[in-house]
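Which chain is which? They are A, B, C and D, in the order written, and residues in each are numbered from 1.
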Amino acid sequence: MAEKIKPTQKLATHTLTDLYYRDQNLVTDMMGKMSFTEAMIGHILNRTPTAADVAIIDAVLLALMEHGLTPSAVATRLTYHSAPEALQAAVAAGLLNVGSTFVGTMENCSKLLREMVEGTEPMDTAAKRIVAEHRAQRKHLPGFGHHLHKPDDPRTPKLFEIARANGVRGDYIRAIEVLSQAVDDSFGKHLTINATGGTAAVLSEIGIPPEIMRGFAVIARAAGLVAHIAEEREVPTARTIWDLVEEEIPYAGNALEDILDDGNDGGDD
Amino acid sequence: MAEKIKPTQKLATHTLTDLYYRDQNLVTDMMGKMSFTEAMIGHILNRTPTAADVAIIDAVLLALMEHGLTPSAVATRLTYHSAPEALQAAVAAGLLNVGSTFVGTMENCSKLLREMVEGTEPMDTAAKRIVAEHRAQRKHLPGFGHHLHKPDDPRTPKLFEIARANGVRGDYIRAIEVLSQAVDDSFGKHLTINATGGTAAVLSEIGIPPEIMRGFAVIARAAGLVAHIAEEREVPTARTIWDLVEEEIPYAGNALEDILDDGNDGGDD
Amino acid sequence: MAEKIKPTQKLATHTLTDLYYRDQNLVTDMMGKMSFTEAMIGHILNRTPTAADVAIIDAVLLALMEHGLTPSAVATRLTYHSAPEALQAAVAAGLLNVGSTFVGTMENCSKLLREMVEGTEPMDTAAKRIVAEHRAQRKHLPGFGHHLHKPDDPRTPKLFEIARANGVRGDYIRAIEVLSQAVDDSFGKHLTINATGGTAAVLSEIGIPPEIMRGFAVIARAAGLVAHIAEEREVPTARTIWDLVEEEIPYAGNALEDILDDGNDGGDD
Amino acid sequence: MAEKIKPTQKLATHTLTDLYYRDQNLVTDMMGKMSFTEAMIGHILNRTPTAADVAIIDAVLLALMEHGLTPSAVATRLTYHSAPEALQAAVAAGLLNVGSTFVGTMENCSKLLREMVEGTEPMDTAAKRIVAEHRAQRKHLPGFGHHLHKPDDPRTPKLFEIARANGVRGDYIRAIEVLSQAVDDSFGKHLTINATGGTAAVLSEIGIPPEIMRGFAVIARAAGLVAHIAEEREVPTARTIWDLVEEEIPYAGNALEDILDDGNDGGDD
């Protein structure tokens, strides 16, 4: 069997007395000198974070940290109720909701924007083509529309403002704005650029690969979910959620007939 | 059935045009004005973060973000290899390792410190009693010792330095230092205060309840695990890890005899 | 560095043409010849399953497979809605609910039963002492009471009937029945032996260690959760659950005042 | 706001004294009368299981339960070491590995088979077209090839034998055999139909929708992972795995130079 090439890692090492994250000494170069956001950017992206990196990533993390009693928060609260011995499992259950339905759109949106920025077509031609193709295939256009925020998701213009104030080139922001115009023209009404669309654009501006974008949503939401656990400890909701669901999504199978025939009065009171 | 009291939540709300995290408008009060660390402190702890809060939490998050190819990182890398469609699941698999063995010690340590700070015994009497009790029950003293960092885990004095520079009262830091002296006296050799012990002390200084402490380890490690995924995409290790484990932890059951009797040469080459 | 002793595993091996589970050839000795239940018993417990093993484990798996829209099922349905690309993650989110609150009681109950069976006290003396101790410490007695099933959880007598029909010695069943009498005497009313109590007794009868018992609940519930996903695909409930929770657990923080002052009408319609 | 239609569920209900799974009384109709496999088929597929259903699903569950120290087993063992208080979390971490790389191929394979069985092309024409298309796009053909089992994965012919002995029509088995011939002709060498390919065919024979197939892999593997936990309790491997990985996948970043310059001897001995 041929000798396999052994992979290596460049994220961390240690001696008896020191720890290194990538090429920096954790204790002497990092702790007390940089924020968590700066440290994670350097660690994930393997580069010295710029001011624009930090400003944009901080804004993105804030925008994605919380959105109330979403599926992720409900999964976390229920799981914490079921297994309070394992806070980490409750957060993990919530994070498993950071999937394609709500957050994966970020990646697909950023791929469209890249196509517009890097392609040879004029941007508005590309935008019209992309919208037409999605409509022809009855596919949702990732990054557009929000069932709660109308006419506009307020997070998006703020992300663009922060990015521009920090001197990004603006190609991806312009691309999504051109795409947005093409969307509105095609549908004959205004659809907002939502927070995942806005995030896709600003993360593209600082060179975050689409395949890693979801990671920032995971980190942001982890913090939000810890807040939900802290609140659940003070004001439990899990039992109420369970009762609500059992009452409002009732059993409707054939066994009901047997039960009614028996005059049996059916549970929980 | 008596009317149940409906619980409420105070973490987030929204209108058509605005989002609020607790009592602040996300877009006008928070984004562009505060770091992710500040935002998470306010959100989790329901208070306006002080400079000490931010300095200490940033330092703690850095200290806990990464420690190389630990069980959490290995679980994340393997899971990402198995299911690259679900980055969130790979992070979740890693976070399920933020359990009692490595991180839960933080909570137990902080409970001992609270006993020393809030109790009526003189601190050094309490320390001697706690050490004696743990030794009598052959229980590990949480927050002490580290198999890699000798004589001292360098993260701990740095955490204390940052906390003191930011004007904390210092009761919990003093408690763990008194406890450390009792440990060394009892064992007749020096055991380091490790990073979970140091973290327990500084998080206690700013009033983080023990039951929530693990949450900061989860948030920190989420960022570290995203970095492991980013590296795994560039330099895959999962297949190597699998091969290593299969080779070095071989099958040793009775079926081997059948296989050898058959002259069958056993797989994978 | 001293040579470390390498651990081995005895669960599986393979040649180019054969697979072995423990000491059996999967294809020639197992597939087509045994049920999944038989195979898992042999695999987990490392013994040839008896008829009693199979009858009892089958009954336990059925009893624990499903209980309607419990926290585990709700977590699974929400997660499937959020990440339909990863069915495995939806099941995992649900399984994270198989924790100490609902299922861990099985382990604690079985430890009490072992104390009664293996101890030197007469069984009824031990039972009275255990009940008294739990009441004195205001601790819930694991395995007793159920908020839905009154006067008796019907699964428990059926588990005992199946176990006895299959010739178990009956020491643990007798122990829990003696304990049940002591509970009723102490409380002056009847509390049912619930399904986790019944399961603890019958799994103890066939020698399942308490630390592994929860594993059978995990396997059983995995099947139930796949059924919930299959139904969710036909009759989606996740969006309804989300709406219910947002409506019934409303925001009650201070930001409401700002919102009302603005005459802003608050979302989602 | 228009009245929303409330969804219902048909999986379970209960009265004070009875539980129903779908339309059957758990205690009087199911426990003691059917195996776990029969119960899960009825529950997931909403039909009375046939003998063929039970034989095929049992064989599939056995075939997918275990494959040694795979990524799923390693993730489970590491997580159990990190958080022994939460067995369910260790199983969940392993199950998160039942993703597209190893098991998702089952779904894609079954879609190709359906295309061959339900389409208007002659089967061998369809087979040649499918192989040609995959080769042109350099896409792996799902269900074919196995790095450990050569020339043939022994599980596949056994699955087909069991299915045929139980009187299935055989359309999907024939389809994958025709596809296999086209694969061999195109590549000029034999590639095995692997266990996921074989499973796809036999589950299609009994009408399991592709989107649910992965669920049976999850249930099967849950049992295998509980066995890994049981063994890990007796013969711990997690620490060895950690050491192996740290040693064999070393740090190779720039910090090494600083460390060497300092004459610092680098950790863990």
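The working rule: a contact is a pair of C-beta atoms (placed from the backbone, for glycine too) under 8 Å apart; a residue touches a chain by one contact, two chains touch by 3 or more.
Treat the numbers as computed from the prediction; the structure is a model and nothing was measured.
Any chain bridging subunit B and subunit D, meaning touching each of them, is among A, C; the list is complete. On a Cα centroid basis, the chain most remote from subunit A in this structure is C. The distance from the centre of subunit A to the centre of subunit B, with each centre set as the mean of the Cα atoms, comes to 23 Å.
In terms of their C-alpha centroids, the spacing between subunit B and subunit C amounts to 28 Å. The distance from the centre of subunit A to the centre of subunit C, each centre being the mean of the chain's C-alpha atoms, comes to 32 Å.
Shared interface positions of subunit D, i.e. residues touching 2 or more other chains, are given as 6-14, 16-18, 68-69, 83, 85-86, 88-89, 92-93, 96-99, 148, 237, 240, 248-249, 251, 267. Listed in rising order, the residues of subunit D touching subunit A in the complex are 6-18, 20, 22-25, 83, 85-86, 88-89, 92, 248-256, 258-259, 262, 264-267. If you check the complex, the residues on subunit A that touch subunit C are 68-72, 74-75, 78-79, 81-86, 89-90, 92-93, 96-102, 104, 147-148, 237-238, 240-242, 244-246, 248-249, 251, 267-268.
Those residues of subunit D that touch subunit C in the shared complex are 1, 4, 6-14, 16-19, 21, 26-27, 30-32, 34-37, 39-40, 43-46, 55, 57-59, 61-63, 65-69, 86-89, 91-93, 95-99, 103, 148-152, 154-155, 158-159, 161-162, 165, 211-212, 214-216, 218-220, 222-224, 226-231, 233, 235-237, 240, 243, 269.
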